[in-house]
Amino acid sequence: MTDMGVNPAGKGFNLAVNLGGLKMKNPVTTASGTFGFGPEYAPYIDLNRLGAITVKGTTLEPRRGNPTPRIAETPAGMLNCIGLQNPGVSHFIEKDLPYLREYDVPVIVNIAGSSLEEYEKLAGRLSQAAGVSALEVNISCPNVKQGGMVFGTSCAMASDVIKAVRRSTGLPVIAKLSPNVTDIVEIAKGVADAGADAIALINTLLGMKIDIQSRKPVLGNIMGGLSGPAIRPVAVRMVWQAARAVKLPILGMGGIMTADDALEFILAGATAVAIGTANFVNPGATMDILEGIGQYMKKYHVRDINDLVGAAWK
Amino acid sequence: MTDMGVNPAGKGFNLAVNLGGLKMKNPVTTASGTFGFGPEYAPYIDLNRLGAITVKGTTLEPRRGNPTPRIAETPAGMLNCIGLQNPGVSHFIEKDLPYLREYDVPVIVNIAGSSLEEYEKLAGRLSQAAGVSALEVNISCPNVKQGGMVFGTSCAMASDVIKAVRRSTGLPVIAKLSPNVTDIVEIAKGVADAGADAIALINTLLGMKIDIQSRKPVLGNIMGGLSGPAIRPVAVRMVWQAARAVKLPILGMGGIMTADDALEFILAGATAVAIGTANFVNPGATMDILEGIGQYMKKYHVRDINDLVGAAWK
Amino acid sequence: MPYSGLAEVVKNQKVGPEHFLMEVFSPELVREAKPGQFAHVRCTNQMDPLLRRPISLHEINHKKGSVSLLYQVVGRGTRLLSGMQAGGEIDIMGPLGNGFNIPEGARKVLIVGGGIGAAPLFPLIIELEERHIEQTVLLGARTTDDIIGYGHLAALGIRTEVATDDGSMGYKGFVTELAEKHVKDPAGPDYFFACGPNPMLRELIKLTRVSGLQGQVSLEEYMGCGVGACLACVCKTTAGGVNDPEDKNEFEYKKVCTEGPVFDAGEVILDD
Amino acid sequence: MPYSGLAEVVKNQKVGPEHFLMEVFSPELVREAKPGQFAHVRCTNQMDPLLRRPISLHEINHKKGSVSLLYQVVGRGTRLLSGMQAGGEIDIMGPLGNGFNIPEGARKVLIVGGGIGAAPLFPLIIELEERHIEQTVLLGARTTDDIIGYGHLAALGIRTEVATDDGSMGYKGFVTELAEKHVKDPAGPDYFFACGPNPMLRELIKLTRVSGLQGQVSLEEYMGCGVGACLACVCKTTAGGVNDPEDKNEFEYKKVCTEGPVFDAGEVILDD
């Protein structure tokens, strides 16, 4: 792997960013739940070229997830109600992490719990495992009753979760917020005060779809999370609002399909970006986006990607 | 105009609905701000066939609106920041209402104020004007500082506005809610208790777009309201939630492009539907949708449209 | 009454580096069409890209019952248009907008077109020609390839001057510099029509205001409905009267889609 | 390694009332392709419809370096596919999934295909033929027009029986009724492969469990990624072991896209 691979803008251009203590060689990571645990997309891209890999939401015990259908297509988007299916943290540490350690790429582990204790235990377990670089705390999953959105839509509860995780880890803590709130700034400030090192925005919007033939909801779990380009305008707005209100670096996501979209988030104030639904549409999306960001920097003589962060309002 | 025109399902089928005291010959109306004051679409459709016409948001004094660009296209959607440009209520009553009175179609007037007093005065003025059938109270416009979303995102303020309007009118009062809230059910209950006769859902989602060339927000007002098919899953979800929680009839809207979409809202619990952005894409959208609902009723032998309302959960 | 519905694409040809000419068969649309009006077209049957695109009528052929649209591929919508096949169908609304209005007294007309903005001027030029009104056409663009319709004008024997930014054709510089000569000429035009990028129009309006030359300009603005319903496409005008020309707040919005796209040059306010 | 990228559409022909056959030239994709695998295709370059569509490999032509997809137009995505022109490009991923696995001992194979579900069975049938394994093919559909590949099988001289719901061709009734005869026949098949709608598979699995006939079924489920990353496409299996067959909660999810689409008939649990 040449350096050119990691830094598509080439020599003299800096793409490296620091996401609340997590050093990334470039600002492009994957969105949790859309990239499995790494090997799934290895046939399509060079994982080493990613700024980081964010893995599927992990819980203390294995979870089976929701009944099918688990996804439904919507205009320029999709609904999902996977329901945090995952093999549990022990399996992750023993079976999935070793694979990821083979790569030269930081691993962000997305965690979800149904109680403060669970979040605390998860954070503790993962902090001791070799090869975990940061924790993304999912307080915003719309698809499970506990360990989900309810934490992310109340400022007090969001803070409590972050405090619990903060207590039990020395790793960078990224608070992943729910967009299904009246005031994203309030929650962002709350998790900042609670000790988060960075903020991830946005998780999915709560939505649903009804089949007019059967006259029943399409999804097995009735409601699901809306992702994909449809939600991008909402995501960009929230990144802009949060970035202006809080000093923490932001991991922006929500409908990023191309480098242009990623740059929109960076200009709005995101230090790094996560690519989610786009992987399904284009398994090479992360690489194309990385490449495109490099092209943009070259074209406009932007020597340091950090100069673009929040440039739309700074 | 034949009866067949108004009732596309034909004899023996009932399409008439009662939206909180507003009698509509069929469930299809227009979404405020997307249909002007009526004459704009008269070359394309027979206005008499509409269940009701909902006109552009009206304020006490004329408003000039926001600087351009006022719209931007987004994936399967659009952002707008028109900013309630309108000629004021006096002009509306004197110049626009007489035109509408020529038609055999109820007129829903969408009102917005920057204070409780303004809402009250507007409601009073319009209640005395001949040809107004109902008031849709906009407490959810994301595009103006006052008279806007701020009323709709706080339960207490939303109730206060509805109470003020309720005091000053005998017309059916439809509370139009903002989707930019954590808990739509709470607000729906609040406006129900405050005396609303029906609830309209949803207004636009707050969003934004950044131009990566100029590195500035695209819209003249920075943020705008997201409408169109992109937001439909969120709208259907909120109609479903509100319909199950509150006894009031619901006017559903948000991304309805086709009869199938309209039926989705009705099955979720909407008594009537409003067609917004779809008019821009297809000026005959309201008629096509009406026609399609009739076809569906015929195909499935649904004798009364009211039997479909909320059928997905009832 | 404007038509709205499907119409046959008769042809859709590449006529320049990024320019396409699409002929659409639609007797209903053509019937009332006049120079300066536009069509509002869908670029896909799917939900993305969602909105229609406004494209001026570049040719109005009453005999054939067709209109032609000359468009430049600049984004997703126009790219999709360029992929449409002859024999297929396009979802089209029109004619929309007010169109140009040739005033009674006009004897010697100056036409100024910038880039693709020259497209809607051609039906006007034909009508002026048919009415035997003397005209001079000025075309400007970045480079030769972007000059549209020069051959056509030459064939019609219409006096035409060209300016290109890179000097690859005609005068090297802005088309407004060519215009200045005509506008200032005492024996020059008694009326003008223009369409093109805003900076061009702004400069032209400044020039003509000084010399008192009256005319009409065709404007562009992002559009939603195209029929006056959404209030997206407004432009600033002096319609409400202006007491203090320095007061940036004295203006009245007009809708480009229905009160325009053609405006009296005297009333438009174009911000930088 | 699966290919992902653009490939040329060699042809795209209507072959039935709603059926199309698309040949795609892609040596990279063909190289490792085997019967029962599928391709994941984009239907548009725009953002709507957004997701890829999984379509089985209906023909695998190593010599020509092409695969063919036989698909039925049932919604927006497949309608867009049907509009693609020969000579154009399609964005395709594949081969994906595990594919059929012909067990060592199979001597006499029963193939059951329902509707368009028969599509992925054809490369398998060809392979069985090449390996000189005896086979009987049962095809079922609502009506004659929906029976696929009958002529092809006849030309190959393969024993084929047909069932249609309306009796317009072959046996009037369900294809599972035809299958029952074979499954119960002591001199009948020693293995089976099936693909089709869930009710058909459910019935077939019931029949074969009773008689002890082993086989493989190919399943469909809504897909996101197609590569095992999103966990959208799960189906219930007995992989975790089942203590109490009455306990509806004893199951383990497997991914149709990577652990399937072909599963051992013995392990799948198909809910009504």
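A, B, C and D are the chain letters, set down in written order, and residue numbers restart from 1 in every chain.
By definition in this document, a residue touches a chain if its C-beta (ideal position, glycine included) is under 8 Å from a C-beta of that chain, and two chains touch if they have at least 3 such contacts.
Because the structure is predicted, anything quoted here is derived from the model rather than measured.
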**Item:** Contact-graph separation of subunit B and subunit C, given in steps at minimum
**Value:** 1
**Fill in**
The larger set of C-beta contacts, choosing between A-D and A-C, lies at A-D
**Request:** Could you find the chain whose CA centre sits the greatest distance from that of subunit A?
**Result:** C
**Fill in**
Between subunit A and subunit C, the Cα-mean centres are separated in Å by 47
**Request:** Give, as an integer number of Å, the spacing between the C-alpha centres of subunit B and subunit A.
**Result:** 35
**Prompt:** How big is the gap, in whole Å, between where the Cα atoms of subunit C centre and where those of subunit D centre?
**Reply:** 55
**Message:** Where in subunit A do residues touch at least two different other chains?
**Reply:** 75-77, 228-230
**Complete:** subunit C residues touching 2+ other chains are 47-49
**Asked** What topology does the chain contact graph adopt: line, ring, star, complete, or other?
**Response** complete
**Request:** Over in the complex, which subunit B residues touch subunit A? Could you list them?
**Result:** 74-77, 79, 153, 180-183, 205-210, 212, 215-217, 223, 226, 228-234, 236-237, 240, 255, 260, 263-264, 267-268, 296, 308, 311-312
**Message:** Which stretch or stretches of subunit A touch subunit D in the complex?
**Reply:** 33-36, 40-41, 43-44, 56, 64-65, 68-73, 75-78, 80, 82, 85, 228-230, 257, 277, 279-284
**Request:** Please give the residue numbers of subunit A that touch subunit C in the complex, ascending.
**Result:** 75-76, 229
**Message:** If we count contacts the way the header does, which residues on subunit C are in touch with subunit B in the complex?
**Reply:** 1-2, 4, 42, 47-52, 91, 93, 221-235, 253, 258
**Item:** Of all residues in subunit C, those that touch subunit D in their complex
**Value:** 44, 46-49, 76, 80
